[in-house]
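Multiple structures are listed underneath, in structure tokens.
In the two complexes that follow, subunit A is the common piece, with subunit B as its partner first and subunit C second.
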Partner chain A sequence: MNRVAFSPARVRWIAGNTFREAVRQRLLLLLIMVAATMTGGALFFSDFHFGSSELKFVTDVGFGALAFFGAILSIVSSAQFFFDEIERRTVLTVLAKPVWRAEFVLGKLGGVLLLLLVFCGLVTALLAGLLWWRETGLMKAHPGTFETGRVVAYAGVAWCGLVQWLKLSVLAALTLLVASYARSSLLAIMAGFVALVIGQLQYLARDFYGMMDSSLARGGVWLGGLLFPNFQLFDVADRVGAGETLSAGLIGGLAAYALAYMSVYGGLAVYCFRHREL
Partner chain B sequence: MAGWRSTVSGIVNSRAKVAAVVGAVLLIAGAALRPVEAAMRKAEARAGMPGRTRRLSAIVGQGTSMAVLGGFRALVADWLWLKTYLAWAACDLPATQAMLRLVTIVDERPLGFWLNGARIIAYDMTEWRLRSAGREGAVPAAVRRRILEEQAGMALRYLEDARSYHPERAAVCVEMANIHLNSRGDPATAARWYRQAAELPDAPYYAARIYAELLKHLGRSREAYAWLRRLHPTLPPDVEAAGSRIVLGRIRNLERTLEIPENERYVAPEVDVETRRPQKID
Partner chain C sequence: MNAIEIDGITKDFTPGLREAKVRALDGVTLRIREGEVMGLLGPNGSGKSTLLKIVLGLLAPTAGECRIGGVPSDRVEARRRVGYLPEAPDFYPHLTGFELVLFHARLGGTARVGRKERVEAVIAEVGLVEAMHRRIGTYSQGMRQRLGLAQALVTDPRLVILDEPTSGIDPIGAAEIGEMINGLKTQGRTVLLSSHLPGQIEDLCDRVAMLDHGRLVLQERVEELTRRRGQTALLVDRLPAGTLGELRSWLQAHGVEFHGVETPRTSLERVFLETIGSLGKKGNERS
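Let's turn to the complex of A and B:
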């Protein structure tokens, strides 16, 4: 049926277009808001750290903002950019050309992943810059506390930004899967948020229901748990804030886990879109 | 009519088939990835989280529990710490006490919460209670003693909890020693905790020196001398905080006090000029 071969170049072209569209849709405004919130938070905490590490507060606030705004960006952009093409009928124009449906879906996913990468990169860089600035100030004010040099593990902060991107990428792929099947963007967005909550809390449900007597309920929860990734695994930011280091094994494991889920969700989104009436 | 029905049935069947395939693939993928997830969960050692959640829900309501479980645990703990600060600034003893507990239930990992919390309980709260008991100097000695004991006991129990999460952190032992020494006036127990701190990998150098000083204060100068003799060769001479020269001076003082014969006196190891480390002695 397809007369042309699958082309990664076309996937890149669609991804690039999706990314440009995202930039035009005031993404930068959101980034500036996050940055301003973090900067304000850091200045506020310089008076209120109350004996605890001020740098820990800044780290926690920064990664909290990244996780919160990142989840919104991931879900909304995945659903919105997909349905925009369908509602404006531009998808028909694109698919009328020698473009595979798989290329279209993967291009959309690629664009959103690029968008999330830029978002995570900028916020992490901003956070690292803020930490560096505050730490330098504290080192001048309290040299005795920094006898052994800087205390913030900047490599850990960078790794943490990467892990957050992996989590948001899985979430984006999952939302795109729902969008490729659903009939409205609202349903896809709602499903994305529900999936985020389930993915975040499902391990807890498994722990609780694992103690239940009813084998039927246990089996049901077990099966349900298989449908969603465990997002709790990606919550490494608070460990970095608490001064723990992230092992290479953990980061590698998380990357493999995220990549596997992204592949499955991406593949299924292609399958759903190929069976979709446009 | 029949044509309409067959169209609808075709769409439904097609969508149902797609949903079934998606569900099946997700189940297979989920089952295949479960061992990877289990290995990472094991590494994270999240045992006890369900219990923590029940405790949290009972104390702060489900909203905070959801935020904690939703990946904002550190952020929630920080926010609670700020609320603790407000209670502390208002010298509100019950609120501060409750908030200190809550912060460490939400996030037990930052050592700063435990150490600062223990100091507030042992020192600040004691002052608040003494102030509310009467004018300065008007509080009977027995009442003062009782308040000090109660607050010190509370702070020590708090730090015992901290030790269950941070058994290898010397700072917790040092803080316990400080409270035994400053609040309870019990140098013997304080010495025991300083020694315990000194034997942990991240011990500050001063813990070992204070232990020796307390032994001297308790009249156990021979023990102090033996301890300092063992300690001195392990101290890097080029690190000011290690106080190698101070320790050597104290060894010499004790040798004079204890009248140690010349031939049994401590011989300081020669310092390697290249590494600036004491050469190993047998």
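Let's turn to the complex of A and C:
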């Protein structure tokens, strides 16, 4: 009998189905609206910019909303769309077809990544639009301040949106890994948030334990640190807010870093799911 | 040739770390020939669904092996021409019936040319044409069951595995699904049907395998099991007065043992089907 080859098309269909479910459940719309409200609200609270420029304040709030609601979307959708398949038993009818379990796992991940891409794209576009509108107003009101032209690096804003998507994608892959062997969606969601905190704060542990004398302990910390991505590396919004442009080397490096973690987490998720009894 | 070969399948589950193993299947050996309708009969918890999942490669057996068309069932290739309807299916509520069947047609490798026509045809076959562009979330249980049958059949499988296909649906819906299963048999497909309803197995299956506490306790042709050997029943309309006495005397004179006289009864299910059917309420959207 001819071998059934791994099919990117089947991965695409499963991903498309996952994305469609997210859109039709209006989860995406809800989070976009909340993030948009928060970003837009920054304009009305710009008096509280604590000494930094108004445009930087809006940028910080916008990317803060993107990171916060994006993390919720990433963790909840990765866990929930995976467990829904098991609880509804739709996974049985899918895998009763000539479909590899790897195709199923990668399809679910692909659907969530597409969802996050749309989320990051829309929120970033909205933020860029708001910044443009506000900057135009400020240029008219204070032409002297803008003698050299616009101060916001819009390309940097777009790249920052992409970097946030990379970070959220790693988080989604990590959550999916937990979901692939966990018995409840709640556990996967909790593990996703814990991993987010660890990834965000692991530099503190590295700094602390890195000063230890024992090379064994340092090696252990280094190895432990490898298990979780360092999410601080993706926090480039500050630089963008300060009008800096992000170098191609930095973005390429972050993309490679994210891809490496996604490959490892995705591969492990496939391995766990292949041995899971349904 | 055998469509399915099951050899000494044993399956143990460990519910929790500190709990004892539960044996769901114990050394089950079974052959299902191509083109036959095989019934898997047993009470709830007897291991029927577990056996079906092992056949489909969704569960790994603790011991033994299973092959579909000679291919080990844990290989993806074994499921190339298999259709499966799980018990009480709950499909993606966000999709329409058409979208769901199309999704499964794609996954099952139905050729792109004519795929949509095939989807429409199979939806028509299960009587869901009018509802096919509605979200599945609005479907009744019976409609979901029929939609499940459509997704199982859309890839034109040679082997159809049905787990409690009439679970949760009314007698009319069950009769319609029964007709569809008979249609599959006529088309020469192999059907493995799991049910806890002996009447359903008797009506639809060529052979039956009975499971109890994970063990295969009997496998036989349904006809062999249901026939009362050596006995003959006469069914007549309006027997004239006195004829029965004459008939009994004649039988005694010829040394034939007479067991008794019964008025034939019909089943309430049959009366229900005939009554509702004759009222013309047999609609497409019935659950």
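Convention: the second predicted complex is superposed on the first by the 249 of 278 C-alpha atoms of A that agree within 3 Å, B and C clash if a C-alpha of one lies under 4 Å from a C-alpha of the other, contacts with A are read in each partner's own complex, and residues count from 1 in each chain.
By definition in this document, a contact is a pair of C-beta atoms (placed from the backbone, for glycine too) under 8 Å apart; a residue touches a chain by one contact, two chains touch by 3 or more.
Quick caveat, the model's predicted, so the values are computed rather than measured.
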Thinking of the overlay built on chain A, is A:N17 touched by subunit B (first), by subunit C (second), by both, or by neither?
second
Once the shared chain is lined up, is A:F83 touching subunit B (first), subunit C (second), both, or neither of them?
neither
For A:A96, select first, second, both or neither according to whether it touches subunit B, subunit C, the two together, or no partner.
second
Kindly classify A:F69 by the partners it touches after superposition: subunit B alone (first), subunit C alone (second), both, or neither?
neither
Would you check which partner chain A:L227 touches, where first means subunit B only, second means subunit C only, and both and neither mean what they say?
first
Based on the superposed arrangement, let me know which partner A:V4 touches: subunit B (first), subunit C (second), both, or neither?
second
Check the residue A:L254 against both partner chains and state whether it touches subunit B (first), subunit C (second), both, or neither.
first
Of subunit C and subunit B, partner touching more subunit A residues
B
In the superposed arrangement, which partner chain does A:W159 touch: subunit B (first), subunit C (second), both, or neither?
neither
First, second, both or neither for A:Q25, with subunit B first and subunit C second
second
Shared contact residues on subunit A, subunit B side and subunit C side combined as an intersection?
277
Mind listing the subunit A positions that touch subunit B in their complex?
48, 50-53, 56-57, 59-61, 63-64, 67-68, 147, 177, 181, 197, 200-201, 203-204, 207-208, 223, 225-235, 237-239, 241-244, 249-250, 253-254, 256-257, 260-261, 264, 267-268, 271-272, 275, 277
Given the complex with subunit A, which residues does subunit B contribute to the contact?
11, 14-15, 17-19, 21-23, 25-27, 29-34, 36-37, 39-41, 43-44, 46, 49-50, 53, 66, 69-75, 77-78, 81-82, 84-85, 88, 107, 109-110, 112-113, 116, 119, 241
Subunit A partner, complex, touching residues on subunit C are 53, 56-60, 69-71, 76-77, 79-80, 82-86, 89-92, 94-95, 103-104, 106-109, 148, 151-152, 155, 161
The answer for subunit A against subunit C in the complex is residues 1-4, 9-10, 13-14, 17, 20-21, 24-25, 88-90, 92-100, 277-278
